[in-house]
Structures are given as C-alpha cells and as structure tokens.
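Across the two complexes that follow, subunit A remains constant while its partner is subunit B and subsequently subunit C.
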Partner chain A sequence: MQAFLEIFDIYLLEAVINGILLGGVLALLALGLNLIFGVIDVTWICYAELVMIGMYGMYFLVSTYHVPYWAAAPLCILLVAGVGALLHLVVIQPLLSAPPINQLLATGGVLFFLQSLATVCFGIDFRNLGIQLPVLGVGEMNFSYARLLAFGAALVGISAVYVFMNRTYTGTAIRAIAQDRHIMPLMGVDARRIYIITSAIGGGLAGLASCLLVLQYDVHPFVGLSFGPITFLICVLGGLGNFFGGFVAAFVFAEIISLGGLFSDLEWGYVLAFGFFILMMFIRPGGLLARRS
Partner chain B sequence: MEGPTTRSMAGWAVGALVLIALPFVWSDPYPLHIMIQILIWSFAYTSWSIMGRFGLVSLGHGGFMGVGAYVTALLWNHLGITPWIGIPVSLVCAGVLALVVAYPCFRFRITGHYFALVTLALSGIVLQVITASRDLTGGSLGFSPKMMPADSIFALQFRDKTTWYLIALAMWAVGLLIWRKVDRSMDRYALEAVSEDEDAAAAVGVNVTVEKLKITVISALMTAFAGALYCQYQLFITPDTVSGISVSLQMVFAAVVGGVYVALGPTVGAVITILLAETLRIGFGTKAVGWDNLIYGVLLVLFIVFLPKGILGSTLDWLRLRRRRG
Partner chain C sequence: MMRGSVGRFLAIAFAVGAVLGLGLSAQAQTKKFKIGVIFDLTGPLAGGGSELQYLGVKIMNDYFIKQGPIEGYTIEAVYADAQSKPDVAINEAVRLMEQEKVDMIAGIYSSAQCVPIAARVEQMKKFMWMTTCVSTGVVENKHYKYVFRPQASGQQYGQTTTDMVAQIAKSHFGKEPKDMRVAIIHEDGAYGVDVGKGNVAGAKKAGMNIVLDEGYSATAPDLSALVTKLKRARPDVVFHTGYNPDISLILRQAREQGFKTGGIIGQGAGYGVYEKLAESLGGHAEYFFNTDPVSIWIANPKAIDPSLQPLIKMVGEEFDKLKPGQTIRSAHVGIGASNMYVFFTKVLPVAIKKYGGVDAEALRKAALDVDIPEGGTMLGFGVKFAPPESPIAGQNERSYPVVIQYIGDKPYVVWPKSLAQRDVVLPWPAGMTYSNK
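The block that comes next holds the complex of A and B.
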C-alpha cells in the first residue's frame, strides 16, 4: 500500500508539473486572442488555424530548406504576424461596423479556408520536424525539454507583450483604445494603425506558439482543432478581453486536462475541462475574476 | 404580411405535388440520394436559422445533431430499443442538454460572442465524449446501427430510396411549417424585440429568458431529429460528420448563404452547398479533397461582407423593390 501511494504521488506530481508546462503555451494563445478581442472587439474563430500556418512554416523552413531552428523561429513569427495583419485588413476592416457576430462568422469562413488550403497544398499527411529533444529526469519524474522550452519561451513572450503594452507609446495607445474606442481617435490616435498593429501582435503570439508546439505535435491541416476550442474557452472563462483572467484560466484548464488525463484517457480530460467550463458559466458568468454584481 | 391568396395557395399545392410525384417518375438512385441529402440537411439548416434569425448564433448545433444520431443508434445496438422509442429519447436528451447550457446563458445575459463561444464548448464536449467512449461508440472510426436482414418499419431501415425520399420530404415540410408557425406567432415579435434591445424588450413585458429558451429548445429538438434521421438513412455515422465545430459551422455557412431571414433560405443554402460539393467530387475525384471547403470559406466571407441577407433574402428584397417601383 505504502509503495503504491508513493508511485501514485510521483505520477500525480509529474502530471501537475506537466499541466503547468502546458498552461504556459495556452496562456500565450489566450493572451493573443484576448488582445484582439479587447482592442478590436472581434473574436478570431480561426486563431488556432494561424498556429497551424505557423507550424507548416516551421516544418518547411527546417525540414525542406534546412534553416536552423533558432533562425526559422523569428521568420515564422514574422510570417504569422503578417498573416494576422492581412486577416484584419482583408476580412475584419470591411466588417468593423457590422454586428460583431458577423465578424465572428466571417472568421469562421477563414477557418474553413485555411484548413482546406492546407489540405489542398500539403495533403492530409501528418508531418513532424524530426527534432528529438532530450528528456529531463528529476528523481523518478520525466519532463521533456520541448515542454520546458515551450513554457519558458511562452513566459518570455507574455512578459515582452506586457512590457510593450506598459512602457511604449504605442502600447499605451492600444490600451487606451481598448478602454474607449470612440474617444481615442479624437485624441489623435490613429485607430486604423492601432488595429493593424494589434492584429500583427496577435498573429505574432500565434506564431511564437506555433514554433513551440511544432516541437511537441505533428502538423496536419486540422491540428488547429486540437487547441482552438480550448483557447476560446480559456478566454471566456477568464473573461473575454481580461488579460490576467485569461492567464489564470489557462493554468486552471491545463491542470484539469493534465490531471483528468492521468486518471483516464486524454479525451476525458478535455470532457472534464469542458464540463467545468459550463459549470463555471453558472457560477461566474462574467469570468473567473469578474466581480459579482 | 398579406394572407394566403388563391394564387399562392395553388402555387404551393402544385409544388408539393411535383415534389411528391418526383421519385415515381424519375427514380435514378443517385439523383434521389442527392435529393434526400439536400432535404435532410435543409431541415437541419432550417432548425439552425429558426433561432439564428433572432441573433442567437449558436455554434452548438453540431452537438445536438450528434446527440440525436448517437443516442438513437446506441439504444438500438446495445439495448435493442427501436428507433421509434430511441428517437424520442434522443430528442429528450438534446432538449435537456439545450436547457442545461442555454438557461444559464440567458439568465446571466450571455449574448453575441459569448453565447457563440459557450455553445462552441457544447459542440466540443459532445465530440470529445463520443470519441472518448470508444468502447460504446466506436470512437472516431464511426458507428453503424445493426442492419436488419430486410426492410423493417420496426428498425426504421429501408433499402428503397423512394421511401426515404418521402420521409425526408415530409420532415422538410414539417420544418417549414414550424418556421411558419414561429413566423406568425407573438414570440417572433418578442424575440425580434429582444434581439434589438433586451432591456427595452424586458421593460415592455417580454419574458426574455423564457422566450429565448423556447426557441432554443425547439431548434435543438429539430436538429437532433435531423441527426437521428441522417443516421437511419446513412446507417453510418462518425463523430466528425454529425457533431463538432465543423458541422456547426457548416450549418451556419449554408444558412447564411441561402438567407437566414426567409423560410426557404436554408433550403437554398443546402442545395447550393451540396451541389457544389458533389460537382467538385465528380469533376475532380480524389483531387477535389479540400476544394469544396476552400470555396465555402471564401464564399462565407464574401457573403457576410457583401450579401449578409443571403442569396434568397437579397433576391426577394430586390424583387419586392422592383414591384413597388414598377
């Protein structure tokens, strides 16, 4: 019995730590989505598909063109940032004055488009980089370097956005627009420019996430569906547009998935997380950190 | 709205007769198969737009459809319960699910984006539950109801396409009748007021939560029914064809393209999307994988930007404008 408990605890601790490591990347994605929602008041349903584009970018740069990983990553972040800005210019800008739900549906169209574009161009094969990072053993627990790297880089990315938002003029303007999008143009802020910059930052965060996720997962056209829905739930749970709430909710979700997966299949971890989400909608409809009214 | 004139009544009667007579005159299995698909999906799209027209954009309808299909099929295979009982049970399940998710949403004023995302979670849950309980459902490999050796009313299995065509036609007609019923009811005015301004609607005495719940449950029941019949017709379902986000988005897409605000809009959407997919499949074979969705995606964006009332909605508007001028 004693021995059983010890082994059990080791696995439990390993799952808890893996959950935290997963939470980092989810927090990064949630930040990108929240930023776009908070500033432009648009939900990009196709956000995870931008990650898929980035993962394909990484795959081709590293495997086909033999660019080293550390050089491919920034290129890829730029690529997805560009896709983000383009998405805003082509799809969102003409719809800015339409009902918000139309914008959401239009990005749903982009989701179809990107998924099938990838299917048409690259086929439905699963591809992976073939980079095998070593595994770190601590005591009897094992953590892959890929996850540790992802967690570290995600935190660096989140901090960089935080510094940018709080220390630069553009960042201040972005936060101001998020507070009142009608007044700020009167104060001499070019809303169009700010929207494009925000979309590019949101895309860039998806690009960073794709560089990290490509080390852990195979790329295929539907890979976005494996973390897209979860990212939306995190954002809603944290309160759409609430940066800190999204950060906390990402870790809560990651722990539920990781611990749920420990006791049963990974899918049941997701089911638990979704169930928890709906339960929380009863208790805290405005998000985890919202004040009760 | 003017009452039914003799001319329009005659038009409807002729249309109905032509549709009923069609399989007896022209019974090639392939076109009939396409017609049945169009009718079943039209019904599903109609059930989405019955609430979608009031600004209640749900991305959870893939979930209701999955419940309808899988509950019916699971009861048949594992407990031997006939679909005649299984379908009502699956409808009750979908209705309860709709209440559980929609009540807190409406009670706590979760609208617009939030409502879409919460219902998106519902699609996700149903998809994951079906995939995860693979011992019962076969997981992502799909699931077939046990076949009877011959046609059976008890098992609701028919090999004859004409029978299925008539069943699907009846279902589709009932869908349109429900649409008409809603369209002519006080609830419609209440819901239109709610979609404009919830507070103002509540102030003039509309029970916002109850009105929205009613329409959501109606819509969920219809969608689950579509799922169940789809399963009975195809005799093969996978989690991805009847549930999940892609199915939800597919419904939204077809409804928006056809027109959300007119009764036959979703049907027009179903005709366009299914014919497009079939044409591509026949024209390009396996090379066409992905092309249909690629075109859907572009069209969806274009429609929302330039023609938010859909093909049928915009055409009717244009005709009305011309008649008034001429």
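The block that comes next holds the complex of A and C.
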C-alpha cells in the first residue's frame, strides 16, 4: 500500500499532464505529414527539416530583424507553406508515378540536402529565440505556456483541417483525389492544383509547428533528428493518412514516454514506446484506428 | 644492332636511376610528418564544443607549421569532419590512415568515437594522440601500446565534482556529507556514463545519498519526466553531464516545471561553451559551474612555466580573430591547443632525435619518456603517461580537471582549494531561477 501511495503522488499527475502536452506537440507535427500522405500518397521523410527551416525563419525574423513574434509567425507559416509547394513541384511531381521507394529516397535526399544547406548557410551554432514564456503553476505542479500553446494549436489545427476538408469545395476535391487519384481528373478536378494546395497546407502546418517549437527548443541544422523519426512512427501508428488516428497515436506515444520515464529510467520510456509501436504493427498493421476488414 | 640495344638500355637505366635518385634526394630533403585531425565540424556535437576544440588544435598546428620543420620534418595537417556520428568518425580515421597515409591520428571530441577509433588505430599500429575525449573506457584495461591521452579522464571529472561538494557540505550547506542528497544525471553516451560513474564513486566514497542516478539520450525531444523525478527526489545538488542542446532543453524544462535545488554542477562539454549556456538561460549563466581542465587564460600565471605565457597569449589572439566578440574564451580552445603543444615540443622531437623517426614505435617510446612536472603545461597539470602494464595504459596520470564557477560573466576556479581563485557560491543564493532558498 505504501509503495502504491509513493507512486500515485502529485508527480504522477504532473507526468500525465506533461505527457498530454508533449502529445500536443507531436500531434501538431503529425498532422501535416498525415495530410500529405493521405492525399498525395507520398511520405515526406524530410518533413521535420521543413520545421527546421521555419524555426530558422522565426529566429532571424524575431532576433535579427526584430519583427514581433506575433507578426513573424504568419510570415513564417507562409514561408514554409511556400517551401512545401516548391518541394512538391521540384521533387515530388516528377516522381508521382515512380515506385514508392524512389519517392521515399528522393525525400530522404532532400532531408540531407536541407540539413547540409542549413549548416552552410547558418553554421553549426545553436540559436535561441530568448523568449521565456511564463509558467502556469497549479499547486506543486508547473506547466509551460509554450507547451500549452502547442497543445492548443494542435487542437485548433486538427479542427481547422477537419472543417476545411469537409466544408469547402477545395477540401472536398482533396478528399476525392485522396480516394482515387486516377478517376478524379477525368471528372474535371485539376489534380496538379490540388496537390500543390495540399503540399502548401502541409508545409503551412510544419510552419505552425515551427513557430511553437522555437519557443521550446534551440534551433540548429539537425534539430529535425529529434522529431523526424518519432513523427513518422506516430503517423504509421495512427494509420498513414488518418488525421484522427495520428492525433490519438501522438497522445498514446507521448503518455508511454512520459509515464514509462517516470516509473523507470527515462530511456525505458522510449524503449516502451517503440516496443508498443512494433507490437501494434503486428496487431493492427493498418494503424490504431484502422477498420478491421 | 646488339650494341645499339645495350646502349639504349643503359641510357634508359641511367635516366630511371637519375629520376629515382632525384626523387629520393628530394624526399630526404622534405621529410614530412602528417597528422590526421578528427573533430565534429557539423552535426549536434560541433556547436556543443567540438568546433572550439578543433580551433585550439588548428591554431597550434598552424603555429608549428609556420615555425618551420621540427628536426627536419615538415608538419602537415589533414582535417576530417566526423559529422557527430561514430560510424563516420571510424571511416574517416581509416581513410586518413590508409589513403592519406597520416603518421598520427589526433583530436576527437566524442568519447563514443574515441573508443572504436582507438581500437582501430591500435590494430593498424599507428599512433593516436587524444586531445579531447575523456571516457575512461577508451584506455581502461585495454593496454594499448600506441594510444595516448594527455587529457583528464571522465571519472576524474565526476570525482572532482563530488569531492568539492563533500568537502564544502558542512561549511556551505550546514550538513554532514552523509546527509547530502545528490542527483546524478547524464547523457547516455560513453562520455556521460563515464563521468556519471565518477560521480557515483565519489558520492559513495564521501557517504552522500544518491537520490537519483539516471541517463538520457542527448537527442531526446522531451526530458520533462526526468525533471519530474528530480522534483520528487529533492536533491541538494545536481551533477549534470551533457552536450548541447540537451543541456539547454533540460534547463528550460526544469525552469518551466519549477524545479528548485541548491545547485546544478555541469561537467564539461556543453557547460564549457559559456556563450551558448548563457543564451539558453536568458543572457547570463550566473553561478553555474563547469568541471574541465582549467582555461589557459584564467590559470594562475605564477603556477605555470613562464615560457608558456607568450603561447597562451598567441592562442588567445588567434582565437579572438577567428571568433570575435566572445564574452569568455572557452576552455575547450585551450585544451586542444595545450595538448597539441605538448606533442610538438615533448614527443615529436624526441621521437626523431632519440628514436630515429616518426613511426608509431618511435612516437610511442617518446611519449613514454615524457615527464612534465606540475605547472609544465598551459593547463597547469604535468604529463606522465601510464606504462603499458598499467590498467589505464596511455592515460596521463598527472592530469586533473578543476571546477569553474561563472560569476558576473567571468569564470573563476573554485576547486581544488589549492588553485581556487575565490570561494564557491553554494547553495545558490535566493532569487535565482533554480534556487531552493
């Protein structure tokens, strides 16, 4: 009983809430990647590097050009949306009918290209925006506003994407293309335009994530390494292309990391999360929320 | 006809002989000693201190290249980027030895790279001079013949830090060491694990309570669970070993989660890069610590061989040219420069003059002959390498780190007491973000 009480203290609640907040960050990252895969059927392995570009954009706008954070954020979202559209036009479009492995390798190449380009252009220094947001204190627990913001943005982001996809003409066209990319052009849908719009939205979501992550992490050319693999795993766990599945998977993953790290060594939290992923690939290879056939 | 063929043969033989002779003569005149230097110039470790160490080594290499040949040997340095990846580091080391035909491998920031490279260098019977990496595991029980490290070892880092806290426990915390609660957190690579081992050994020796001992991945995107555990453990002092940006992340999350303690004592790597540490803390790293060999610019000049002062000045001036506007000249630069200086002045000339060349055997014998007393290097410590039969063969037995505290944007040696420039500020005063007062 004593051991039980020792475990279930206020710190457990703090770890649970921190897990939820981390889930918000991961869900936000997974959202754009899922959108792109769901529609274009191409996995942007370099997605986290778009986030890195956005973080650099925020850093330079705010620290070097002294643009207020609130004004820099939309500029940055537009910048990364543009990069997303450009990525589609230059790299993805020529490979749309190529085997999936070629597409994967091409975006993998873009990953290394962007990392190296950032190293050449910005150097290897870790850069910090220097903004320290206040902390929300509840009893002995404290929570970061930066994380609360990311969590809120994830909720708003998924709601906005849902509304856009279900209530707008373009959203309907995107869903239609996602269902059958060969038939819809025969019915008058401009597939090329839809792909570019989708890539721009996916990039914009990466831009939104970068605006929030720059408040929590230092910017450096390899910052994507901390998020890229985990974001990809979450998308697969939720079912590639399934927004809601990715959202749920992000929170499941984050809670395993947080609680696993609390009850055992921190490294075990990640081991358990990846172990859970492997197990689920056997049990539900289509993703957590995939319908059983 | 026959006579013509013989004539042609003799002419060709003469020409070939002349060319070979000229070649050999030219070779004899321009004997070369080629150094392969490996550091992380890109990737996460570059900004965490590796680039600064590289600058220190390069400044010293360039100085000796400019000075002209050493005992008839021209110095040439080839630099390789390990990209913060052990596999790349090993490949680069092999490339330098096999294709560039270097006589020696030097540098190396990450202990995770040092361990496999040392094994490979030994296997290939080349000479290795580790200026930077600290993991004891690189040399412990390996009995390498050709691997030498003038640098202090990781476990020394850990034990120096715990020794300081144990010695000041009563005077500063008002507690006996046995009542002190200490937490040990470290990145989970060879470097962090080794320093952590030193912390554990030192804390146990002093009878302190280890309330948390945990490693984490330096690339983990979230360390909030570790901060929650620190909050629950309520340590008087935290011993932390990390690179960057993990240091930045954990300090940020600790602030956001309201973690309070008596002091966080950093041990090398990211804590030695003051600019970045201060930036991540909002401008100043007031009262933070770093355990490392002493910065050559703050070491007591009276305790160091006076002939080294012009070199210390030269390294500083060169560094300022390369990195203008730094608040504090990083100790990393001095470590790289000093350790290379020892090689150029105490190993290489002896190998050539006394042991007849620059092959691994001659360099090894010369390295084992090195006997520099305390105060004989820019870093203050002496140099005497453990012999091959020692469990730490190749490790400098006279090296030691010191504990530095940053006060008013300046570094001060606060431990060991014999070298201290001022009293240690512990526990942290009230008003500091992390202070539990």
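Rule of thumb we're sticking to: the second predicted complex is superposed on the first by the 277 of 293 C-alpha atoms of A that agree within 3 Å, B and C clash if a C-alpha of one lies under 4 Å from a C-alpha of the other, contacts with A are read in each partner's own complex, and residues count from 1 in each chain.
Note that in this section a residue touches a chain if its C-beta (ideal position, glycine included) is under 8 Å from a C-beta of that chain, and two chains touch if they have at least 3 such contacts.
What you are looking at is a predicted structure, and each value in this text was computed from that prediction instead of being measured.
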Practice prompt. Judging by the criteria at the top, classify the pair subunit B and subunit C on subunit A as clash or fit.
Written response: clash
Worksheet entry | Which superposed partner A:T119 touches (first subunit B, second subunit C, both, neither) | both
Discussion item. Let me test your reading of the model: by the given contact rule, A:E267 touches which partner, first (subunit B), second (subunit C), both or neither?
Written reply: both
Discussion item. Is A:Y56 touching anything from subunit B or subunit C once the two structures are fitted on A? First, second, both or neither.
Written reply: neither
Worksheet item: Is A:S226 touching the first partner subunit B, the second partner subunit C, both, or neither of them?
Response: second
Discussion item. Output check: A:V91 vs subunit B and subunit C. Expected answer is one of first, second, both, neither. What do you get?
Written reply: first
Item to complete: Once the structures are superposed on A, label A:L22 by its partner contacts, choosing first (subunit B), second (subunit C), both or neither.
Response: second
Practice prompt. Could you say whether A:V135 touches subunit B, subunit C, both of them, or neither, answering first, second, both or neither?
Written response: second
Worksheet item: Should A:E14 be classified as contacting the first partner (subunit B), the second (subunit C), both, or neither?
Response: second
Worksheet item: Now that the structures are stacked on chain A, which of 99-107, 243-251, 279-287 or 333-341 shows subunit C clashing with subunit B?
Response: 99-107
Fill in: Overlapping contact positions on subunit A, where the subunit C interface meets the subunit B interface
116, 119, 124, 221, 225, 230, 265, 267, 270
Worksheet entry | Interfacial residue positions of subunit A with respect to subunit C in the complex | 9, 11, 14-15, 18, 21-22, 25, 116, 119, 124-128, 130, 132, 135, 137, 140-144, 146-147, 216-218, 220-223, 225-227, 230, 254, 257-262, 265-267, 269-270
Worksheet entry | Contacting residues of subunit A [partner subunit B, same complex] | 37, 43, 91, 94-95, 98-102, 104-106, 108-120, 124, 221, 225, 228-230, 232-233, 235-236, 240, 265, 267-268, 270-271, 274-275, 277-278, 281-282, 285-286
Discussion item. Under the stated contact criterion, what part of subunit C meets subunit A in this complex?
Written reply: 41-44, 46-48, 51, 84, 188, 214-217, 219-226, 228-229, 231-232, 244-245, 248-249, 252-253, 255-258, 276, 279-280, 282-283
Worksheet entry | Residues of subunit B touching subunit A in the complex | 55, 57, 100-101, 104-105, 108-110, 112-114, 116-118, 120-125, 128-129, 131-132, 244-246, 249, 252-253, 256, 289-294, 296-301, 304-305, 308
